[in-house]
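Two complexes, one shared chain (subunit A), two partners (subunit B, subunit C).
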Partner chain A sequence: MRKVFVLTRVTRLLVPERVFHSAVGREAFHLQQRRCFRTHSRNLAYAKDLFLGQINKAEVFPYPEIGNEELEELKQFVAPVEKFFSEEVDSATIDHEAKIPAETLRGLKDLGLFGIMIPEEYGGLGLSNTMYARLNEIIALDGSIAVTLAAHQAIGLKGILLAGNEAQKKKYLPKLASGEHIAAFCLTESGSGSDAASIQTRATLSEDGKHYLINGSKIWISNGGMADIMTVFARTEVEVDGVKKDKISAFVVERAFGGVTSGKPEDKLGIRGSYTCEVSFDNVPVPVENVIGEIGGGFKIAMNILNSGRFSMGSSCAGMIKKLIELTSEYAATRKQFNRSLSEFGLIQEKFALMAINAFVMESMAYLTAGMMDRPGVPECSLEAAMVKVFSSEGGWVCCSEALQVLGGLGYTKNYPFERYLRDCRILPIFEGTNEILRMYIALTGMQHAGNVLTRKVKELKKGNIFLAIGMVGKSIRTSLGGSVDLGLTGNDWVVHPSLEESAKKLEENVSFFGSTVEMLLHRYGKTIVDEQLALKKVADVVINLYAMTAVLSRASRSICIGLRNHDQEVLLTNTFCNDTFFKNNFLMVQLQKHSPENNDANIKKIATAVLANRAYTCSHPLERTF
Partner chain B sequence: MSGRVLVGVKRVIDYAVKIRVKPDHTGVVTDGVKHSMNPFCEIAVEEAVKLKEKKLIKEVVAVSCGPQQSQETIRTALAMGADRGIHVEVSGKDYDSLGPLQVSKILAALAKKEEAQLIILGKQAIDDDCNQTGQMTAALLDWPQGTFASEVSLEAEKIKVVREIDGGLETIKINTPAVLTADLRLNTPRYATLPNIMKAKKKKIANVKPADLGVDLTSRLEVLRVDEPPQREAGVKVETVEDLVAKLKDTGKI
Partner chain C sequence: MRCSRSLLPLLLRSGRPASGQTNQNHRQHQALRHLHSSPASAKSQPVSAHEHRTSKDTSLTTHEDLFEKMAKESKTKATFNKVIEVFIKQDIRRRGHVEFIYAALKKMPEFGVERDLSVYNKLLDVFPKEVFIPRNFIQRMYNHYPKQQECGVQLLEQMETYGVLPNVESKVLLLQIFGEKSHPIRKYQRIMYWFPKFKHINPFPVPMVLPEDPVDLARFSLTRIADDLDAKVTVYQLPCTDTTETGEEITRPHLVGIQSPSQMELLAKHDVNRPVFVEGPFPLWLRKTCVHYYVLRADPTPLHLKVEEPYDPERCLQYPLQLDLDLDRDLGDEESFDVDDLDDGPVFAMCMTSQGNQATLNQWISGLQQNNPILGQVPTLFRLDAGPQKPQESSQSPQPHPETQTEAFQPGEGADETVEEEPRRSHRMKQ
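Showing the complex of A and B:
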């Protein structure tokens, strides 16, 4: 299949444009394409292929849609949830008392919000990722409730959903769906946060081979104090080819098994209503039937669980920002200074534009990813989900801060919700995988994929594949000649609406430059790229931006094509974001080029080394004298 | 007493929305504006479902008159516990001129067709504030009416209704079949939980045209103009009572 793809690229390079676009040329081109029979399941590699300078149009255009019936149903669901949150949820009290009242929890359970994605046959609502994301827009209005529900269903019981067997599902899911039992996800330990593979909690098989005894301590467990069912990760001894090894396994542990103790709630900066605490396991007997998946397969299950819930942070943050815009604009329109309302001043207007753009991008990314995940087959969208998480968590923090700034001193007081939103937001870049780790994951996974493909190409070259050689040479010539890039977004087979042509061209240019930048980095560093975190960070930032640009272009194109209300606003937001991001990306990529004078990374490392060696600021005081 | 209860539900602009008048002054802006069930209709549905849960009645039928979107309102009633729905299709010009007289004719026709024992409506809709449909329906059917109900109890073949009136509370006993209209303090409507919404998908909504019921929709009213209430003007502070009287005389108020 790859050979055919290369052939088509070569055809386009060798055949002059006017011939290419002639009837004959087009026919030949289409003949090539028609030969691509799908003999394997859809390989959802949109983000990964960006690292090769490729845009897989079919994965992200057109923007995913849900059927009319589903949309109607969704609107029906949204109404009572919105009503509940506006009438029955007192966020200020929850924050102040650091507790979610029992009646509120009862109301959430009755509404059915504890089993949103559990299949109907087990008593849940059986909703798709897209619907889950939509409901999260509303649930996010209270940070503590959002985290409690997410800890329960997005990670706490997800293991049973994704990797559990029929017996486990039948036994545990119904009570979890109704909220009678609450779930928690127990992975982190005091010595193992980001380095999850280093956990020390141990599960040893009993003499009779019927139980595992779990010993260890976990920290930062959301719902830790009230969870009845926990997904616990522990080291187990397994035999691999006759060699005894330690591998992590996943277990469903009931508090009722005995030996489980939880500490008192941590006094946190934000999401204070969420019960976060230590959970200790002292010889807890867990029947072997409660192993999730295979013994030794726990780490993979943990990563799958975390990957599957991440994307919804996009819609949560978008929902929160939209609320902030409403609250803040009321104030900006009525408050007057210098005889004019705040909304007339440029610096205030800039903040509203920032919030609008951020909400727009987050929504677009979240629902694009959710739509991709809802497609039939086994969706591998971990990269895309991670990108949504990084963008949304940081964008959310900035927008909260700017919204508070609009209200000035008032925003700083507890009389207004802004300081609570800010405090609740601060956890987002930290949990569910710190943004630092996720950036490394995004960059390294993509570069590994690119590396594999490029290595294969080199092997092919060595075998004497002429077409491949011509293709690669042609590509380098074109890039160095600065010829215009055409990755198929616009033109005769356009997928991006013509009114967004300029922004689409910017994306194509960025993607092409990115592809060659990645190739150059792999050339330069090879395997040692793993240690170049400052370079990897720039790579991650660029590709996150590329995905964001793709999402908004796809969404806005659809809106124009179907004539959605206010689509002209979407065009404005898309073009503004793409314009801004195009230059940011170019600057990041320029810094990555060899001997780039714009790159400060070496100096940054020197400064950091000195400060850390000194364990303090290293300079003499400016008032100090030497004579 | 057993049998069927008809509950009328109306789709109105949501109470939290800021109403804007259309530029041509023919009405208010409804396009793209959030709509939901009239709050008093919610109370009516809640009461009917409560009666069914107490096993005092057998079936709750939710009725709405309006365009395609009225079905959403019926679905909400089904999610709250109604057994089935009837959507009386009225759209376009007919919908614009649809008022209490037409709706009460429809409800009366349906009550006869469905052999209903009780009709429960909200006391008024929050968009037109007419407060007429319940009363007109009772008159057309020649049934007794218990309006502004804040308490309803079924006793044998009669209904005891406590009504909220200007002077306080009035308790009456009426025969069945009857028409009741719900006031604010009758009950607190339940949330349509998501599992119930999913169950409601299986419940049926029948489609009926006013012509099938032999109802003539022509309106005797013509809306001439719709305006916003006058902008509230700033008040003026005065120092003494004499000043006040002088100002009032100046502006011709006294």
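Showing the complex of A and C:
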């Protein structure tokens, strides 16, 4: 397949850039700087265009891949990490004692896992997003370690990496990369989750103007107890156009500055080995050169850090599910009931199919997104990353639960690791932005994009532009009469392999329907769509499904074309997933087309309002009587 | 409405459950019932007993007098029951029972038993059994024993009036007396159809017995008005009687207030240049009791003074709180109109007191000031109605809190307002 190979060549070209970069890209703001050519700026975005009913196939086809040398390099990293995790990490003990032993941490440091994405010049491994995702598959086998490492490098030191100046990088990154220092990310406060306006921690400039004094306390800080370097967000007074305003700024705070105290670790449901606690700052003097970015620019930094850290959850979950499949399938094959092994029962088989499909989809989404992020240019993949996070965290939970179910009562005991996996993965829908909030982010960002393009059209329609209306009616009649939608995935200019044509057609049909649904929503709600959270949730679900379909189609097409082992299985998984999701999407979009009284949204709101007004379940007990 | 399964054992257990009659009486009654089928011999057997009674009490006292006579000492349930028992024992034929029942129904409120189901059942029991049941199609076709049926219906009607729900016992009695498909049974069925449906129709039920203590009553009423589970009731003053040095007795009224956190927030944001008003009294009916309350409120902010909080794009870390679009909601999907949602101005707090004069209410305001420091800066105007209490002086003379009055407030103006302005009911009441 010609196109695939073209891409291969492009990615290969990226390899020498690592050397090239260190000279040029110093001032670069973005994490992806290392692999940037900066030849052209990219304004293309796949997920956003879905809201317009378009498939931007150049973004997602062919499926991104890495060069052979990189693959070899990666395999060299993966083997020892895998060995370490299977032989040296005792997850049950970590969970039970709620502590990662020092020797395990040392092992992780020796493997360089504390600086996976820190450039080599600062002593890190300098791996790309794709390779980071691959390593995360293995790291995720222990939830506590995964969270500790993620808090360290996905958010903790990301501020310095993304927005820090050269001096800050030189000073802090080497020790962070080696694991000598551990980083933490201090944003959340008791009164402030996503609401930046309610951050209470304050940084005031000292009289000599050399220090900021930070006061306040942060809660639920992963690594809070052992972190030496912290990215702290605090309120600062900034003068904007002559008016003094409070703005958020980011600081690098060393524990050694003094005045930093951490509380005792929280007793959690899962990821018990990770050290989560409250961190208080009492007049901590932070030199002015430790301000990350510029003063008052903390909000953007926080947003960028949060947005960039999410994509790896897809591969983590996939890694976990693959492990679970191994563990449970052994049981299912050996356990006998009624003279048949469990694996012969349809309901057990269904669970394994579900796990396989989920793992396959997550993997596809995660590596597609990572590949997009690794591409040259300035990629804007936060939407895709959020979609990966939502899909995989929820799929992960379902799969863990199903895996446990295969073992029945045994799975419920502590003799098996399933209950630990279940507890550990319950955090996934919660942290790094709850899924509810990310759904809002996904839907609203897309809506804004679509609105920018469609506002004029919708306004014309409202004014009663007859030609536009006739054109739209004609289009809808054409589609309803069975006129197929062609967005160019198949046919002469094909990017999806012909053996997946049916699934590709389904995706095209869904995307086109989704485009008109979004237009209808904009027409109906305008900017007040912000308050229609139930509708937005459906929008987000549809677009996540569409992205998932794209990812599997793209991946399976590539596999067929280059003849990967067992690609027939991939075709099967892809077709199954697309078929299933096609119907789910149609259902969601039909619901969206209806008004709230018909699609149950109004009822749901009523029920919730009644319950919340009473702050209790409202119905009488079934045993109550009136006479 | 009850299924016959539960009815049957009751019927089997005794003809007239809980009748409280002696065994002898019971036997007599059975005989009577038995005899009814053969009227020819009816006269012979029970005569002795009957005559024995009538000879003893021949006076033609009306039934109402019977109640008066019996209940000279006290009008209670016990005496009422006793009257019924006496009547039952007087005459085995229950002569004049319809009149007796009417009289009893009339007397029930006096004896305070108008809501007592057992008394109604006992009264139903006065009807002779099986006599009024139609036995053939002609009887069934016409109104059989209309006077008695009417009386039975009246009894049920009174139960209905007082909200007493008949039970199985009532049904068994009615069946024994009038038979199925009689008017009283129909009435019973209708009651049983509607009553349960209406029993919990009020989403804000008032208990049958209200708290006696005025403070408790105020607490109950205030939580009832304030539609907020977070609202906190504060007792500023308990009712008490003090004797001053001069020997004068001063009765201090109770003063109970309520305020919710959201009201405190609203008050904190109030523009200090615009006055707040203490208004009242407003009535609140709780069954047959009427209580009065006062509100602290302000006029709605005029449109030109309303400050929209500017949208801060750096507010939410995760998603945009507003969309930057030039599109509004479509007309067909405009659902924001709400008849309840009128801008009447905010209500900041409410209170109840037995003495709604300005001195007492000022005490309330100064109590509120502890948690709402803004009240020290805002001019507070009292616009009190005469209300149920004795008319209050509308002048501003008693002012224990100088801060509550600022120069923005002209005494004359305030006095005018107090006289002229109608109190506004600016808050939602539950009932």
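Throughout what follows, the second predicted complex is superposed on the first by the 552 of 627 C-alpha atoms of A that agree within 3 Å, B and C clash if a C-alpha of one lies under 4 Å from a C-alpha of the other, contacts with A are read in each partner's own complex, and residues count from 1 in each chain.
Please note the rule applied: a residue touches a chain if its C-beta (ideal position, glycine included) is under 8 Å from a C-beta of that chain, and two chains touch if they have at least 3 such contacts.
These numbers were taken from a predicted model, which means no experiment stands behind them.
Legend: residue contacts after superposition of the two complexes on their common chain; A:A183 is shown touching neither subunit B nor subunit C.
Applying the stated contact rule after C-alpha superposition, one finds that A:K83 touches subunit B and leaves subunit C untouched.
Legend: residue contacts after superposition of the two complexes on their common chain; A:R565 is shown touching subunit B, with no touch to subunit C.
Shared-chain residue A:A196: touches subunit C; no touch with subunit B.
Of the two partner chains placed by superposition, only subunit B is touched by A:E120; subunit C is not. One of subunit B and subunit C touches more residues of subunit A, and that partner is C. Once chain A of one complex is fitted onto chain A of the other, the partner contacts of A:G112 are limited to subunit B, with no touch recorded for subunit C.
Contacts of A:K75 after superposition on the shared chain: subunit B is touched, whereas subunit C is not.
Remark: subunit A residues 72-73, 75-77, 79-81, 83-84, 107, 110-113, 116, 120, 125, 565 touch subunit B in the complex.
Listing the residues of subunit C that touch subunit A in their complex gives 1, 165, 167, 192, 195-196, 199-200, 229, 312, 314-330, 332-333. Put simply, subunit A touches subunit C in their complex at residues 187, 194-197, 247-248, 299, 302-303, 306, 433, 437-438, 440-441, 444-445, 447-448, 451-452, 455, 458-459, 462, 522-530, 595, 615, 620, 626-627. Only residues 32, 36, 72, 75-76, 79, 191-195, 197-198, 201 of subunit B touch subunit A when the two sit together in their complex.
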